[in-house]
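Given below, in the form of structure tokens, are the structures.
Below, chain A partners chain B and then partners chain C, in two separate complexes.
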Partner chain A sequence: MELSIFIEYWPLLLSGLIFTLKVCSSSLIMGLLLGIFLYLFSTIKNRLTFMIYRAYLTIFRGTPLLVQVYLIFYGGPLLGITLSAAEVGILGMGLYVAAYFSEIYRSGFNSLPKGQIEAAQNLGFSKRQILTHIQLPQILGLIVPSLTNQSIILIKESAILSIISVPEITYAAVKMASETYSVVEPYIFLAGAYWVINFVVSRFGNWVELKSTHYLATN
Partner chain B sequence: MIDKAILELVDIKKRFGDNEVLKGINLKVKQGEVVSIIGGSGSGKSTMLRCMNFLEEYDEGEVCVQGRMIGYGADAKGNYIKAPYKCIQNDLKDVCMVFQQFNLWPHMTVLENVTTPLKLVKKTSKIEAEKKALEVLKKVGMEHKADSFPSQLSGGQQQRVAIARGLATDPKIMLFDEPTSALDPELVGEVLRVMQSLASEGMTMVIVTHEMNFAAQVSDNIVFLASGLIEEQGHPDLLFKNPKSEKLKTFLASWH
Partner chain C sequence: MFDISIVFDYIGPLLEGLWTTAWISGISIFIGLILGVALALTRNGKHPLWSRLVIVYVSFFRGTPLLVQLAIVFYFLPLAGIFVPSIVAAILVLSMNTAAFQSEILRGGFRTLPKGQEEAAWSYGITQWQCFFHIKLPQVLRKTLPSLVNETIDIIKNSALISTIAVTDLMRIVQSYSSTTYRPLEFFITAGALYLILTCTVSYVGQRIEQKLIQHQGA
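Showing the complex of A and B:
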């Protein structure tokens, strides 16, 4: 083990780590919001909008993230859209994960008994009040495990952004390995970094789940 | 005025696809009257009740509550146009429904289940809402469970809370959709007792039920539904002791 190389490379690794955190959190926020929009779009009772929704799903779930990112990165300029590598990364991952999130939202909304909505309707709730007081507080607890899962997958997949030279942590570790000819050390560090990020994410998910389902655990 | 119907169904028809579930129902419910709807499964009892508060959209006819047609307006040619959501809710603000599956909101305590509609819909203050909630919970004998969650209650207790939740909104008409069918036999009595006290206080009630003895005791009018039509109706003393239609005779025989 040649640990002394870290003395020289820690600023690069640190900036890579920060970059990964930025790119992942940006694309997750984008995905969570776009996912809600997509879910609401899918509930419009119209054949055309539903077909557009299905098309979005099949394209973004049916092709690898790597291919999508490549197409945005190299295909974008052909359409006059020139984005930085980091922007392509955020956009690509956001669009990709939104497709999954939307379906997770859908499973959550579908899992609530219809009678609860009817009761609220019957007692005079507006549609917005039904959403904010009956549906969302319960759905959160139901979908958080799936959202956490999908977020962890996305964070690990963010490594492929190194291929389009986004200076995130995998990019930094690969650079370090190729410059120092020490492969094992940077990759152990890399594995540890992803593990720590995902550990924090999963603990956060557990915490939110616990908070939002306390009413179920009171038996 | 006394004889005027507070709730009236005029030639109600309802189809699910090709299946016509209600084939022209006419019914008048007067203020303070208790009407029980009986009939075999699939006869359209629940659908009929759900049409009364527009949880089910009827295809033809009219449902009138306090003289106002529910759910639709008409255009110049007389075609039905579905009324806006808010408009329907406003016309139905005096009608409340008690469901077979209770449909309490599991993420709220008993107290919150009762106060939330008051706070959100009637814009009652928190203090007033809680006062009112405890009052109605006391009435159904559930004030001691105000801070429990629905999952901690028995079915009978949940149903009593559901009745309290409806009562808190000061309804003029209460609809009961098989309120005891999901309960263990030993829990049926506590719910029926609450309903009986409501009936004796003069609440207008429409009840879909399989509890024949209870229906006979509390009802002013029994409606027997068979394959989407009212086959026979009348005062329980007449209807149960001296049924006229063959279908009702067969139906009653299966209950003895």
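Showing the complex of A and C:
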């Protein structure tokens, strides 16, 4: 172990770490919002739109993320869409994770008995009140663990963006390994960095879960 | 111009790549299952040290990206004086990775079994091994089948990453043809379609087996 090489390379690794955090948070936000949109799209009572929804899910959940990213990266310019590698990464991961998020939302909303909503309607609750006061508080506690899990999976998968030369942390570590000819230190550091990020995310998820199920603890 | 017919000139090598992806994933899932059972039992076992080690193992393989695990094994084995073909390294990493995920799935399954079953088996004079292979394992596999099928699909998709350590799987072949023919769009769409065939087949077979098991239980 030669730890002194970190003295020279820590700025590169740090900027890689920040880039990973940026790319992941951007694509997670995109996925969370697009997922809501997809979920709403799936609730339209129409056979055609539901088939389109199923097709979206099958394609994005049934093929490797690497294939999807390559398709946007190399195929995009041929269709006149030129994006930077980082933009390709965010777009690719956002589209990919939205498919999973949408299904998580769907399972959450489906878990509530229909009678609740009917009862609320009878009591004169507006649609918006039903959503914010009845549906969301109950669903949040249910779906937060799944959302956290999926976010962790996405953060790990973001390592493949190094293949299309997004300057994130894996890219930085690979560069360091090839320049210093030492593989042990960069890769151990890399594994540790991902582990720490995911540990923090899972703790954050637990905290959100605790907050969102707070009303249960008080009774 | 988009012209999918170019792909058909290379259909032979592409199918060969699909086969490589399929058998590597299959073997890894199988080795991972055996290793996963062992890990789950050790984790639930009475020795705190071994159980702690399993926790570390699982945490490492679930908390770091597969790409990083591949790089670590691929570069670290030669440092330890072990030289294996990249295909062996790929199977090794995929198996170790899926073993961690499968062990957590199976552990949940083992925990759902009532303790009375084991005690009943003992009082009938059934040995511990018999009890495990004839009573516990079949029930756990049946219960966890949907999650194991999901894990199989994940491994098929993740196996696209072994192309980075020079295994000529489907992804690697598609990459090389897309760059020699300058037709990335056609080739990556084909790659997506071929992966989709594989994952959809697995999910279909999984559902059929599940239905069979439900019928069997109902009778």
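FYI, the second predicted complex is superposed on the first by the 216 of 219 C-alpha atoms of A that agree within 3 Å, B and C clash if a C-alpha of one lies under 4 Å from a C-alpha of the other, contacts with A are read in each partner's own complex, and residues count from 1 in each chain.
The rule is short, and it goes like this: a contact is a pair of C-beta atoms (placed from the backbone, for glycine too) under 8 Å apart; a residue touches a chain by one contact, two chains touch by 3 or more.
Since this is a predicted model, take the numbers as computed values, not measurements.
**Q** Touch test for A:Ile163: chain B only (first), chain C only (second), both, or neither?
**A** After superposition on chain A, A:Ile163 lies in contact with chain C alone.
**Q** Examine A:His133 and indicate which partner it touches, taking first as chain B and second as chain C; both and neither are also allowed.
**A** first
**Q** Figure out whether A:Gly124 sits in contact with chain B (first) or chain C (second), or with both, or with neither.
**A** first
**Q** More chain A residues touched by chain B or by chain C?
**A** Looking at chain A, the partner in contact with more of its residues is C.
**Q** Which holds for A:Leu216: it touches chain B only (first), chain C only (second), both, or neither?
**A** Only chain B; A:Leu216 stays clear of chain C.
**Q** A:Trp10 in the overlay: touching chain B, chain C, both, or neither? Say first, second, both or neither.
**A** A:Trp10 contacts neither chain B nor chain C.
**Q** What residues on chain B touch chain A, complex-wise?
**A** Contacts found on chain B: 53, 55, 85-86, 89, 92-93, 95-97, 99, 101, 103-108, 116-117, 120-122, 149, 151-152, 162, 165-166, 169.
**Q** Could you please specify the touching residues of chain A with respect to chain B in the complex?
**A** Listed in rising order, the residues are 113, 115-116, 118-127, 129, 133-134, 137-138, 215-216, 218-219.
**Q** In the complex, go through chain A and note every residue touching chain C.
**A** The contact residues of chain A facing chain C are 58-59, 62-68, 70-71, 74-75, 78-79, 152, 156-160, 162-163, 170, 174, 177, 183-184, 187-188, 190-191, 194-195, 198-199.
**Q** Could you list, by residue number, the parts of chain C that touch chain A in their complex?
**A** So the residues of chain C touching chain A come out as 2, 59-60, 63-69, 71-72, 75-76, 79, 153, 157-161, 163-164, 171, 174-175, 178, 184-185, 188-189, 191-192, 195-196, 199-200.
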